[in-house]
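The following pair of complexes shares a single chain, subunit A, combined with subunit B in the former and subunit C in the latter.
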Partner chain A sequence: MASFNASIRESGTASIIDISGDLDAHTSIQLEQVIQSLIDKGRTNIIVNFSKLNYISSAGLGVFMSFIDEVRSKGGDIKFASMPDKIFQIFDLLGFPLLYEIYDDEKKAIDKFQTTAS
Partner chain B sequence: MAEEFKAELTIQSSIDQLEKVRDFVSEAAQAFGFEECEGYKIVMAVDEACSNIIRHGYNKKPDQKLHIVIQTDGNRFTVIVNDSGKSYDICNHPLPDMETYLAAKRSGGLGIKLIRSLVDEIQYEHSNGENKLVLTKRLPSR
Partner chain C sequence: MKKSIRLTYFLLLALLIGEVLHLAIDIGLFYAGEARAYLISFGILFLKDFLATVVVAAIYVLIRRQIEASALPDSVAWVEPEVALKRGAILLVLIIALLAIYSALFKPSDFNPEDEILAASPQTIYTVFKSHLSVLTFGAYLLALFIVVERLILFRRLRHTKSNFILMAVFLALGSIATMGSKKGDALNVLAVAFLSIAGLMMFVNLFRLSWILLIKRDEKIRAIFLAPIIIGGIIIGVDELQLADHFTAYSFPVSVFLRGLAVFGVLYLVVTLFSLLFYLPTSEAFERKSSEVKNLYAMSKFITDVFEEEKIYNSLVSYARQACGNSSMVWLDVYHPYSKAPEQVESEVAKKLPNVQWRSLNHELGFFKTVAQQNISLEEIHRFSRKADFIWKHVAEQKSLVRIDDVENDVRFGVPVSSVKRLWRRIKATPASPNGIGSIVSVPLLARNNLIGVLCVAKDVEYGFVKEDLELITTFADQAAVAIDNSRLIRELIDKERLQQELSVAQKIQLRLLPQSQPRLDGFELDGVSYPAYEVGGDYFDYIYIDQQNRMLGVIIADVSGKGTSAAFYMAELKGIVQSLAPIYSHSPKEFLCRTNETIARGLEKASFISALYGILDTHEHMLRLSNAGHCPAVVVQGDEARLIKMKGLALGLDKGALFAQHISETHITLNQGDVVVFYTDGVIEAVDKHGEQFGYERLMEVTRQSRQSSASEIKSQIFHAVNAFTNDGGAVKDDLTIVVLKRCAV
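Take a look at the complex of A and B:
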């Protein structure tokens, strides 16, 4: 059973959300709660690490869309890292690379936040 | 060479049952010969279709049923989703323009666009209170 999990770790000014399992219409609320908790603490440099994610549905995509304006208005961003090909193809199909930065590995995303801050 | 087979699954109309549907389709798609990325597409299309039926067709009533049938024919992998909820023909649904959608930071409403983008053929029938959505994906020729 591929249940969903989202855990947070910090790296400098960035908060990294490691997501795993299946992000679907049933589990997307958990991701909403995690992102909201970061925003509430003023942690708006957010990187989502997809390396252990098995599945994402349109509901999961909708979570990111629902927060991106608020996060960017507070000077932060949501960046994506380590996306499996099967998931990247969906982001690509919908044109999401036009709106979000997607990195092969999270270090590049972390470095980008550092560069933006300095 | 892909073997022909038929398999069926019935679920309750609750979104916590979607994982069963995905596992059901994923296992069959892999056995049929789809590589990971292509198999993901048919799994996602069926998941989005079932999610829409549960949320919109059945208005989230959890005591209804969806009956899913997988059947193969040559290089065609077909998933039929049967339900008795509100009828809606996704083939006539207006699709969002993605530039406008992304610029407006809209959330939601991508399920039908995904279904129509991820499979090769779609048919929809409504008869005697029953809906039948037929999604077909062809195995890419090598």
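Take a look at the complex of A and C:
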């Protein structure tokens, strides 16, 4: 089983979280901590890059749900980028595209944050 | 047993007969007057000496047997040295008193030095009785002393100890016997002198066997120092002041030689003992400490393997450490509580528990120490000290090594050192220098498998109160306790785990009861379903709901609660309650039903949780299935020999409170012909992987369903399940709960 990893990159006002491996009930705690640390620092413009993610379970999806209200109430957002088809299908099935902005390219998400800011 | 009693009686009889005969001879001699000289020359002295030897020998054996019989079962020495000394002193004082009273009452009871025939003949008949009384009391006492000294000398014997002692006793006895027939004033013959010289030489060899002294306690030694002079003095007074030596001689010359020999040896041995006691006294404390350390260590290690209650280990660790470092030392144990939770949460918990120290360490780890056992110091005092000296705990937690402060007041880690003048002044005023008067302190971490369990603090009111040996001992105690605490925690974890396992199996049984127990019986339709949780309990749910009384309409639902395990199982139970009550009300529209279900359940779900659900209402009269999908896997429908997925838009339950959900959910109606099959399933089927990590996927599911479409609903369900199993066999895995429900319109 591929291990999970989450790392942060900064790009202007946005923070990009690169996630890779399997995001399941166990590894989701790791992602929670990463997102919490960004919120603690006041960086609420969050983009999650899925390009290297292999698997996501419902508990993994729950992580985004648990933070989205807080992030949006602080004027930020969580946007998704570069999702592999397999992952997108799961998001799509549950109706996540209705709740989150999903971009095929990370750049578009960054641009979106910048235009909203200005 | 019988034999030994017989021997005792025989000895008593010998003693009695010998003594009576001897006394009779002495009385006879006293009244014989002028005939004495004639009788003596007749060899009566040999008879007297023989009888006296028998009496003394009988007394010796009797006393020896008595002492041996009263000894403790495993006592090598038969007697406790200090107890023997005490009893000996009391007994001696009593005997001297008895003889002194006798002498005072029956005067004159001594010898007439003017008498020519016997050199010193008894003045009165009382003198004769006194001689006999002396031997029977004082003489017997000397014999007893000899036996006790023998046991002490043989204690922890070396190779030659015993033979040396026997040689001395034998030569003393031989020397005495060689003088048989002598009367008072006679010079010793050559043989006697030779034997007694050897005996005297052997005495010096035996005098210095004192190994028992090392092993008696310090206060026992002090008592012994006071008791030994009493006995020494008593013997000297007895021999000298009461002229008992003369009476011994009057009793029997050889007995007198022997008893005087014993008296000399006894006094010399006691004198040597006295000096040795004085000599060993200063070092005895150190010796005792060492042996108590060993004892404590042994007790501690034994305790640790026996006890699994943490509280008990805490308390005994503190007790042992205090015993080891002096009873006045202040000892306490702080248990370390690391925290990985959010900071605000920890702080409120910390405030509640009143810990010693709390901080955020270098690597953002939060933790605090809490005192669980203390002696000679109050919790309040510990808190006061720890506020000043929190660096100790910080150091222990971060470095996991010992902290030692020799002079609390002058240590730079406490801030500005106090000048010595000021310190002296404070001491004069008797204000405690540091809080609660801690002068020096040692804090040792308790480590088990490199995890910090706690810290053992030992403090003294003086500066420089600890030596290297103390530190080693405290560390040993701490290490042992750490292992014990770790063990007890592991055991408790195991017990907890077992209990959890039991409770989970109960939960599993309950959850199985929440799923349909039998298949619904409907005209023209077959249904069957199965659910396997990935763990003991799961978040998958399927159910059949009888919507009307006539068995015409049937609700079929399949749902998947996000997450796994216990929390999912609770939501699944909640969902069942809602579904069962709402389904009969919204009997015609699955879309309406799911909207209401979402509104109801969204309020009860955690933010991170959601439920995907697929709901169908089957109308058996119209052969119609009305479907609505809330974010669930699309149903597989096989009509004719063609399989397809019924893809529909819709949000999962709980993601949105109402408006967005209602806006996007849709409804589809499917008319089922004879032989048509509909399969509901959860993502456990789709996401099952083989050994290469490839998913089972929709295509395989549709293909299996299509191929088995001719079978019964129950058979199709089994076929799908076996197909998934076969796929994951050999290194693959079903990652999630797995549920399959099959609906089939019978082909008549």
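We adopt the following convention: the second predicted complex is superposed on the first by the 117 of 118 C-alpha atoms of A that agree within 3 Å, B and C clash if a C-alpha of one lies under 4 Å from a C-alpha of the other, contacts with A are read in each partner's own complex, and residues count from 1 in each chain.
Operating definition for what follows: a contact is a pair of C-beta atoms (placed from the backbone, for glycine too) under 8 Å apart; a residue touches a chain by one contact, two chains touch by 3 or more.
All values reported here derive from a predicted model rather than from experimental measurement.
Within the superposed three-chain model, A:His26 lies in touch with subunit B and out of touch with subunit C [touch as defined at top].
Of the two partner chains, both subunit B and subunit C are touched by A:Leu93. In the superposed model, A:Ser57 lies in contact with both subunit B and subunit C.
Shared-chain residue A:Met65: touches subunit B and subunit C both.
Put simply, more of the residues of subunit A are touched by B, taking subunit B and subunit C as the two choices. Look at A:Asp85: by the touch rule set out above, it reaches subunit B but stays clear of subunit C. Residues 24-25, 55, 57-59, 61-63, 65-66, 69, 86, 90, 93-96, 98-99 of subunit A lie in contact with subunit B in one complex and with subunit C in the other. By the touch rule above, subunit A contacts subunit C in their complex via residues 24-25, 54-55, 57-59, 61-63, 65-66, 69, 86, 90, 93-96, 98-99. Only residues 560-565, 606-610, 612, 630-634, 649-652, 655-656, 660, 664, 683, 687, 693, 695, 735-736 of subunit C touch subunit A when the two sit together in their complex.
Taken in their complex, subunit B has these residues touching subunit A: 15-16, 18-19, 22, 36-37, 40-41, 43-44, 47-48, 51, 54-55, 98-99, 102, 105-108, 110-111, 113-114, 117-118.
Residues of subunit A that touch subunit B in their complex: 1-2, 22, 24-26, 55, 57-59, 61-63, 65-66, 68-69, 85-87, 89-90, 93-96, 98-99.
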